[in-house]
Amino acid sequence: MSLHNISWRNLLRHETILAIVAVILLILLAFQSSQFFTGANLLNQGRLMTEVGLVAIIMTFVIITGGIDLSVGSILGLTAILTGVFWQNLGLPLVLAACLAIAVGTFCGFVNGFVITRFGVPPLIATLATLALYRGLAEGISQARSVRGYPEWFYVLGQGSMLGVPTQLWILIALAILASILLAATRIGRSIYAIGANEVAAFFSGLPVNRTKIAVYTASGFAAALAGVIFVSRVSTTRSDMGTGLELDAITAVVLGGTSIYGGRGSVIGTLIGLVVIQSLKNGLSLAGVKAEGTAVLIGLMLIGAILMTTVLNKRRA
Amino acid sequence: MSDPEEKDLRRPYVRLAGISKSFGPVKVLKDISFDVRPGEIHALLGENGAGKSTMIKILSGLYQPDGGVMEIDGQPAKFASAKDANSAGIATVYQELLLFPELTVAENIFLGHYPRKGLGRIDWAEARAKARDLLDSLDCHDLDVDTRIATLSVAQRQRVEIAKALSHKARILIMDEPTASLTEKDVARLMDVVRNLKSRGVGIIYVSHRMAEIFALADRVSVLRDGMMIDTRAIGDADEALLVSMMVGRSIEQLFPKGEAEIGEAVLEVSKLNHGRLVRDISFSLKRGEVLGIAGLVGSGRTELALTLFGITPATSGEIRVKGKPVTIKTPRQARDLGLAYVPEDRGLQGLVKSMTINENLSMASLDRIAPGLFLNFAEEARRAVEAVKRLGVRARAGIHQPVGELSGGNQQKVVIAKWLATNPDILILDEPTRGIDVGAKAEIHAMMSELAAKGLAIIMISSELPEVIGMSDRILVMNNGQVTAVIDRANATPETVGAAMTAQTASKEAA
Amino acid sequence: MAAIQQSAVLTGKSRPPRPLLSRLVSDYGQEFVIIAAMLVLFVAVGLYNPRFLSTSNLNTIFSGNAYIAVAAIGMAMVIITGHIDVSIGALIGVLATISGTLAVSGYPVWVAWSAPVILGMAVNFIVGWLVAYARIPSIVVTLGMMSILRGGLISITGGTWISGLPKEFMIAQWKPFGLPFPIIAMVVLTVLAAWWMRNFPFGRSLYAVGGNPEAARATGLSAERRVLAVFVIHGAFAGIATILFATQLQVIQSTVPPNLELTVITAAVIGGVSILGGSGTVIGSTLAAILFATIGSALIFVNVSAYWLRAVIGGLILITVLADMIRRRPAR
């Protein structure tokens, strides 16, 4: 979106409201618990937020094109399993195993894109089917056994820090910057917005619609796969149910951040703010003694609430 | 017949008086008076954008008029919805048929008003029998009422729609461009159906461009232009030239200032091009500086030909040569790279991204030229946009950063044309370039076309408006049923010769 | 062909309706394919391991999975109108816990039975309203609802099991006329639902709304009311499915049965309900649900680990949908 675009103004309105909400939220949480606003806690939250964050940033692209990717959680799980399998069962060096697993995960994303573009299967159905297929493969390959005992140096990725900031947070920040620039200032970014706003016109104008969509879904697979390796490194183990529910968190962050579920509008910044809001709420609830499952209720409410809010705002403007 | 009965027959079933309708600042219908008698076939003529579709939608209850009075059978009436119109006996058969592909013929006819039996159950036997009777009464005996709509041809679906209208006990049937997608044989059958309905006392509003059918069927004819009812006459008091001049409002020469351009070498040669039913064995050549008009009835394959040339529905056989070299065109991107440009028929859906700005739309076909590297060059993009807006005279309140959805039809069309001119094409295909555009903008676009031809561009212009085609083209390619029926030089182009070619048969015919 | 048409035109009468058998085959083709697949499985696996065909195993397959078929009835209706519901698994988990808790807390059995149906309808009334009137895509609403229900269930109950269910409660273990109750319920409900959808205008209008929303609106059918009603009906079926599910075993796990929403959706889709809306029948979805149960059991009996079941389901959805898309490719 160019800087002068009028819908930028609308987006800024949504983002501004969200940013204000985020700030208020952070202040409230700081008062609620003395532990919240410490450097250590904030950095740790950044660490915890990375896996969803990576996936959510690319999910922004997917949703802007008017699509959706429900299989990200399963790709994460499959990649995690394959890392363990390649390393332990096949004896590959860990770095190679992880890279190979990420390659497979990326390919899973490519398959999504392929099915959606070549066969015209609606993204909802295609990724619902692959959600089952990829998770099923993860479960079948692992037979519900978990892998442990990774070498110490591997945990630097998920549990270590560089220059005082958690390692994976650097990755998240790098991806966020890259993605923002891509979306706002490159040809493919413009194509992504055009496809979401009016795919037919984009095609008639000679834009490479199928190629762009495949690229976006492949990237989504890559993000989920990368998140999978980071996850394994963070929790020191591999299990086949990892990443369950990831798609919900990612989609909620994207929608909360102002991206329209119908496509054509959205920004990475909005998604980041949405992530911060969600993570802060999770943290706040956990500090107040609420169990992890309780936050799931909150996320669900926020997803519905966010879209309801945008619908109402749009209706009032019309 | 005694006097009171005659008077009854002559009393209109539906009458409009002083009807007006605006959408925002645009007044689409002004002070319309119109009526239809039982058993009358009343033709409605008008260019695209004259207000026909709005008038139909008011009659069928989808729109409410802002002013004026509507009377049904002598009583004032107000339709709040399509259902009200239906109950009043007005049924419409639209161009885009409103049928359910996965349901059967019988079910489509009776959806929403099934015959019932005990416990409120649907009486399928009764529904099927009645459906068969309805179709039989229209002399359609070859349709199995248990087949799914998805398997039927367009002509067959249309008959189902008419049967559906009859099932609602329609007194007035509005038919919107009914023969648009029909073959010769189907048109004849449809005309029989229409006469059949007339003999049963159903009044018919026949909206069509096709003079032959109008003169064969209609009792009266009304002409709309720019939202006003120009005149209503008995068909015997009108001839084609009169009707055309009423529709258009001015003489042909005034409207279409086709300048003289030097005609150069062939830049596009098409040989035996095929795709599906509507592009069959098409061969022609196009030269620099030439305006090649493509005329034909709706559904004759003109747009399909353009879509095949432009790679949207690639050719299945045949050869295309651009500037002498044989090429394959499988995507719009390839077409563009070869020097073709296509300004589509449906500019809202196919030509523009309405939520994006003028700036963003203008660059959409030439992004890789503005930014060959990784990043977009915003300054260059904006510069080109400003220049294009000035050159084509696009009027936009907020300049190049206004969303195109807010512009008028004429200005939107200019943006689409400018978008494609930015790719420096050799061949420009315009599909209904002045449809739905005010007269001033129309003239500007025609002048632009002449200018471009003079500069050496080769132009293909598809148009349903005979005066426009005849006025602007150096040669006219006439299509019917997917094939070229004639190539007519400017000197020999008259409404008669072109019109005759539009309904002419070539060797093979299609069965219904 | 032409001669027949000619003669029909000449005599002025329509062709007689196609013979019953040919109509049955073309309308119910998908259902026949499923039955054929089941027969093949029974024969093949039965030969490999005869215990597959034992009464107790057949009872497990048909009776134990009948609740999935019942849930698939409601889901099929939702998909026919062009929507989807991924929260059905979580909903059944929650309703089962509530039902079981009521039963062990001394409430009359009929309360424990009717609670899930009423609550299922209430929850889905909210979902349906958000989809129909607030126009939020159903995938989003039901994703959110799934999270709310699942999270709520675990955080409130902590995943504990409910045991000590009173005998009168265990309706799934009754055997009226010698047949297990779940099978009777499944067959009766499927037949009733199919009959209703075939013969009543409301049922037919669901196909219209899902098949061509614009045409439906032009015909005066209010999509909003119908979509809302469909979700509520779906909630009722979910409640009934819950009763069958909760009364099968001596304990109720307070968790969401894994894979359930996927199995139910897949049953509907493979049963011939096109995911694009507007076609398919509930008979197909019931048959497909049983087919899955058969596949699941077959995997065990041929010593393939049950952990591959989800992969099989995913693969099946993909294949069915691809076939559907290829079939629907517009003929040029």
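For clarity, chains are labelled A, B and C in written order, and residue numbers in each chain start from 1.
Note that a contact is a pair of C-beta atoms (placed from the backbone, for glycine too) under 8 Å apart; a residue touches a chain by one contact, two chains touch by 3 or more.
Here the structure is a predicted model, which means the values were calculated and not measured.
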Remotest chain, subunit C as reference, centres from CA atoms: B
Dominant chain pairing [most C-beta pairs in contact]: A-C
Mean-CA-position distance for subunit C and subunit A (Å): 31
Subunit A and subunit B, separation of their C-alpha mean positions in angstrom: 46
Subunit B partner contacts - residues on subunit A that touch it in the complex: 2-7, 185-187, 189-191, 193-194, 197-198, 200-208, 264-265
Sites on subunit C touched by subunit A in the complex: 84, 86, 130, 134-137, 139-141, 143-155, 259, 262, 265-266, 275-276, 305, 307-315, 317-318, 321-322, 325-326, 329
List of subunit A residues in touch with subunit C within their complex: 68, 115, 119-122, 124-126, 128-137, 139-140, 142-144, 245, 247-248, 251-252, 255, 261, 290-291, 293-301, 303-304, 307-308, 311
Subunit B contact footprint on subunit C (complex, rising order): 5, 8-9, 11-15, 17-18, 23, 199-201, 204-205, 207-208, 211-212, 214-216, 218-221, 274, 278-279, 332
Complex interface listing, subunit B residues touching subunit A: 312, 331-333, 335-336, 342, 344, 349-357, 359-360, 364-365, 367-368, 371, 374-376, 378, 381, 398, 401-403, 419
